[in-house]
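Below, subunit A partners subunit B and then partners subunit C, in two separate complexes.
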Partner chain A sequence: MNLATYARRNMFRRRGRTIWTMIAIALTVLIFCLIRTVLVSWEGSAEDAAQDRLASRHKVSFTMNLPLKYITDVRAVDGVVGATYANWFGAKDPLKRVPFMAGLAVDKDSFFEVSKEFSVDPAQLADWKATKNGVILGDILAEKLETGVGKTLKIESDIYPGDWEFKVAGIYTPNRKTADRMTMVMHWDMLNDDPRNAWGKDRLGWMLVNIKDSTRSAEVSKAIDRKFDEMDDQTLTMSERQFALGFVGALAAVLDALGYVSVGILLIMVLILANTVAMSVRERTNEYGVLRAIGFTPRHVATFILGESILVALAGGLLGVLLTFLLINNLAGPALVKQGGFFTFFHTPGWLMGLALLIALIVGVFAGLFPALRASRLRVTDALRRVD
Partner chain B sequence: MVPLRYNIRSLFVRKVTTFATALGIAMVVFVLAGALMLNEGVNRAVQASARPDNVIVLRKGSDNELSSGFPQSNLAILTSPSQVAKGAGSVIGEIVVVVTAQRNGGDEGAISNITIRGMPEAGKTFHDVKLVSGAWPKPGTDEAIIGRAIDGRFLDPSGSGKPIETGNSIDLKRNRPLRIVGVFEASGSTYEAEVWGDVDVIRKHLGREGILSSARVRLSSPADYDAYKDILERDPQLSVKVSREADYLSSQSEGVAGLLSGLGIVIAILFSLAAMIGAAITMNAAVANRSREIGTLRALGFGKLAILTSFLFEAILLSVLGAVIGCVLVMVLTQFRFAVMNFQTFSEIVITFAASPAVFIVALIASIGMGLIGGLAPAIRAARVSPIEAMRS
Partner chain C sequence: MAGSIVTLKGIDKTFYRGKEPIHVLEKLDLDVPEGSFEALMGPSGSGKSTLLNIIAGLDRPSSGTVTVGGADLTKMSDNQLAKWRSQTIGFVFQSFNLIPVLTAAQNVELPLLLTSLNGAERKKRVATALRVVGLEDRMDHYPRQLSGGQEQRVAIARAIVNDPKIIVADEPTGDLDRKSADDVLTLMEKLNKELGKTIFMVTHDPAASGRAKVQRMLDKGALQ
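Take a look at the complex of A and B:
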């Protein structure tokens, strides 16, 4: 019997306890990965937002609109290669099949040129451009609304009262993982010509601007804002990424709290493993005395204990990563995205799983270190005399 | 029955193990109680500004004041039903907008929204608010007052770099400022994150003359609500939605409150799985190490049931210890308040943790549940120990 065999046999002497400890560690790793995945997905949506695209809106409030002629001025700004505009429609499904959907009234000629994250079949796009009450729907939205190309669609708005009837002209699919798949895109002209929008006639909600050089985004933003500085309606222009980061920043307190909570679960992991190791060591103190008496060094004893702790932690960690891969990446994540809710992607990245394993390793070292040191320092006579 | 003192002493013999296990349970209780306190905090903030005899009138189809709008002339129709409380100032029409403002001390991208509410002179008596400093705005002027939750926390949107506080101003549009003359408090309600000014001046600044976002109506009695709602909502010309103020206010924060407390409770449940395994491991070890003791107890005449209850009791004791530690720790949270964006109204909502007896009762019940589940299998094992074999080993 060599040392490794001894350690392995020792590990499974209390088989139930070892296995339950591994399960508990696997569970904590799964929970850690889950919380961190929420954070990564949340913050990732901002990081992934376009940096070479600017958004320009009313400086005072996002509920205020801008004169339509601003778009012509913006297109003339140096460094701008394309610009489009949209209004918020406040779309609601009257049958409540979806809790939330985005409804945009957009310039039919330029919107899909600028918003490259939405890809539409050219034939459907041409058909949509020719149909004034046509809409293009996100793939998940179309599925949830149980509709398809060629069908009519009744939608309500919480801004413009009454029923709105559309014809579904196309379905878009996302090109980027953060692109929203729950948006309905309608003609700006349809909204503008409607009497219910009399107070907002010939006013646009916001502009999206493609720029030539993404490193000049701050400069071009300033040039746009300067153009309208002396007007009644001033603009606030930033890269979409900056806007998205601002939005994430508004929820920063929640993200911070989740971060702390994810550390809390690691603490539970340490407590459970340290408890298990401490219990084993206490039960075997006599044996360590015997080992020492027949010639094993203190280092041997410490290695046995530390090795066992690390092995249990790593085995639990591996199990946890496996569970994460199966449950989050292959089961819950895709289901959550399909749900069309808050997350456009929900996936535990490989580095995060690696980090979780590393943490499990560190926890293993940490939990085993003090019992190992204490046991190796025991005097042989004390260890042999001790009865529990 | 095995004396309870036996269990208490047994727990104290293994101090480290007992403490480690209890701490695990304390973490669960901390997260759970924190989530419940947060929910309680939001509810209290909502209830603080609601009166049972107040109703809010919005345009039909609108879920909040921001997207709602109807002509000022409708106000007369809202005032005429007999259920409206007698006297002037029972009906006030308000205009509500949000403006973008940068956080004071934040970088350029750190923008948030604050709500601006324009109201007639009667508004200050209709809403239950108190002046903290400065003065009330003079009606019909561009003077305004801010809630204490946002005092000095944001910068004027005009880009002047000055904080929004008494003595400074907010530019709604170029050269159309609201001058801040005071600070008010509203018993911790969400109004404290708003700026209040004169309805006519604000509408004129924004080019929305003659439009109201919403109306608040004081009824003679809360019981008149159904009749009043019926009269207004049946009027096809009017096309409005009538809700109780409390219902409306809680619907405005239910998204944020639900998300946060829901998240907390889900995490607490996940945590509790790990903590229960921890408790089971500890109790199992206790049973294994004490089989000789258990055998002795059995030989002394204690029955299987007595052993079972004794070990279950020990597990519950362990988890209640954890619950006490967790509840003490969670009280620290009452010192914190944090602001997040309410994604339903886009305005800031200041969140506090409020303790209530119900919170601690739920936490205690949850911890006892964890102790019972974690301790059941070990307790059954203990009850099955054969006295003869145990004493021989």
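Take a look at the complex of A and C:
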């Protein structure tokens, strides 16, 4: 036997209480990881937006269009190396196989030049460019719509009435993990030439602009906006990240709130463990008195208590990380991504699991510190008198 | 006559209830010869346990000097006192105070964990101590698997495993039936006679007191 034997036996002295505490810690770690994964996944996709890319939209609202000729002016701005444009098509699956998909009507010649995050087979791309009603689908979207290259696809639109029939010309795959895999890319010309879009003829939704030097993005943004200052339709140019965040203004507040909730979860973890440790210490005060009487020092007593608290916290933390790995990274994450929609990737990174374990360790120290100090400072005679 | 192993001179001990002082021991002098077996009796609140705690280095007097086994306890720090206790004093408590998650052998081994003895040596000492108390066949039993008398004998084995000079016992038979109490007292007599341990026992029980060589009476903080 050694001192660790005593510490280890103490840990499972109240087996049920210790196990429930560990489960509670594991669940808080899981919830913490889940919340942070939501934030990391969302912020990650925004952060992962190309640094050297700007987005330019109507100054008043995203829903208002800009004249097509603006793209020529933007391409002429100093520092711009490439620009493309797109309109929101409001695509929806009439058979409701997917709850949400992005449908973009894009300039066939420049869209994939600027949007480097999408990878398309050159032959498929050439075929698409030559096919006015051709579409290129994200790989997950194609799978969900049970379609493939060469097949016909019927899609409806929230904006433009009636059925729209397309030919699937290609499938794109993502070049970075945050790239959306649920997008349908169609020809801007097809939309522009359709009578159902008579009201929006020769007008574009927004422009994506590649710049030469990402450190000059603010300067180039201003230069673009300045160009249209005197026009009826003024632009608002921003980084692609801001543009992406703009889609979810209200959601951003919810995400902020989630961040606070995750901190609250940690406090709950401290309270749960502190309560368990305090109960154990109270029950064993007399025993600590005996140990002190036979020669153990206050430091020994504090180490026993602190060690037990840290062990319980770490065991709970490890269980929580294991649950995170199994439930988020191997079950819910892939399912969410496959389902398509909001998350282009949903994966708890290793560093976050490490952080959760580190937090569990710190929680163990915090929860055990006060009872450990209090017990170690008790007079031996007082401790021996205590029978709870 | 053997020399004193415990010498107390002019001991005062005052506790405070709020601001009101309570004088538990007053100007108390005591000499306990080495190898004696002494019983300290007295009414509740007379200061018996306080005196025992001072002798055992668990408590400090408000004034006076305490010399036990040649060491002046009043000059020691808490950590020095802890080390001194582990080497000099064996404790026997009324309610046994065994650690429930440890076996009898592990309970007896506890004080040895503070020494530099290796595992084999500790095991040997534990076996010897349990043999002395007649429980070598209960080594692997947990306290809950032992009777009260057996638990107290394990506690006595824990008290002697470090080969201390003095054993202090606070009501060692208080929680036992008559038969078990007799067994424990017989064991303490044996430790005193055969192993030469000095035993200082606080008790309410006249039968237990009668087994000691010297009986002392404490009342209102003074020895009668």
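Everything below uses one rule, namely that the second predicted complex is superposed on the first by the 380 of 388 C-alpha atoms of A that agree within 3 Å, B and C clash if a C-alpha of one lies under 4 Å from a C-alpha of the other, contacts with A are read in each partner's own complex, and residues count from 1 in each chain.
Following the convention adopted for this analysis, a residue touches a chain if its C-beta (ideal position, glycine included) is under 8 Å from a C-beta of that chain, and two chains touch if they have at least 3 such contacts.
Here the structure is a predicted model, which is why all the values come from computation and not from measurement.
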item	value
Three-chain arrangement built on subunit A, subunit B and subunit C clash or fit	fit
First, second, both or neither for A:3, with subunit B first and subunit C second	second
Which of subunit B and subunit C A:274 touches, first, second, both or neither	first
Touching partner for A:232 - first (subunit B), second (subunit C), both, neither	first
Touched partner set for A:200, first subunit B, second subunit C, both or neither	neither
First (subunit B), second (subunit C), both or neither touched by A:295	second
Superposition-derived angle with apex at the Cα centre of subunit A and sides reaching subunit B and subunit C, degrees in steps of 10	90
Contacts of A:261 with subunit B and subunit C, given as first, second, both or neither	first
Greater residue coverage of subunit A in the superposed arrangement, subunit B or subunit C	B
Lowest C-alpha to C-alpha distance for subunit C against subunit B (Å)	9
Intersection of the subunit A residues that touch subunit B with those that touch subunit C	none
Contact set on subunit A toward subunit B in their complex	14, 16-17, 20-21, 23-24, 27-28, 31, 34-35, 59-64, 90, 92, 156-159, 161, 199, 230-234, 236, 238, 242-243, 245-247, 249-254, 257-258, 261, 264-265, 267-269, 271-272, 274-276, 278-279, 283, 388
Subunit A-facing residues of subunit C, complex	53, 56, 58-59, 78-79, 82-83, 85-87, 91, 93, 95, 97, 99-102, 106, 109-111, 113-114, 158
Subunit B - residues contacting subunit A, complex	16-17, 20-21, 23-24, 27, 30-31, 59-63, 66-67, 97-100, 106, 108-113, 157, 171-174, 206, 211, 239, 260, 263, 267, 270-271, 273-275, 277-278, 280-282, 284-285, 288-289, 338-341, 346, 351
In the complex with subunit C, residue positions of subunit A that touch it	1-3, 5-6, 9-10, 13, 286-287, 290-298, 379-381, 384, 387
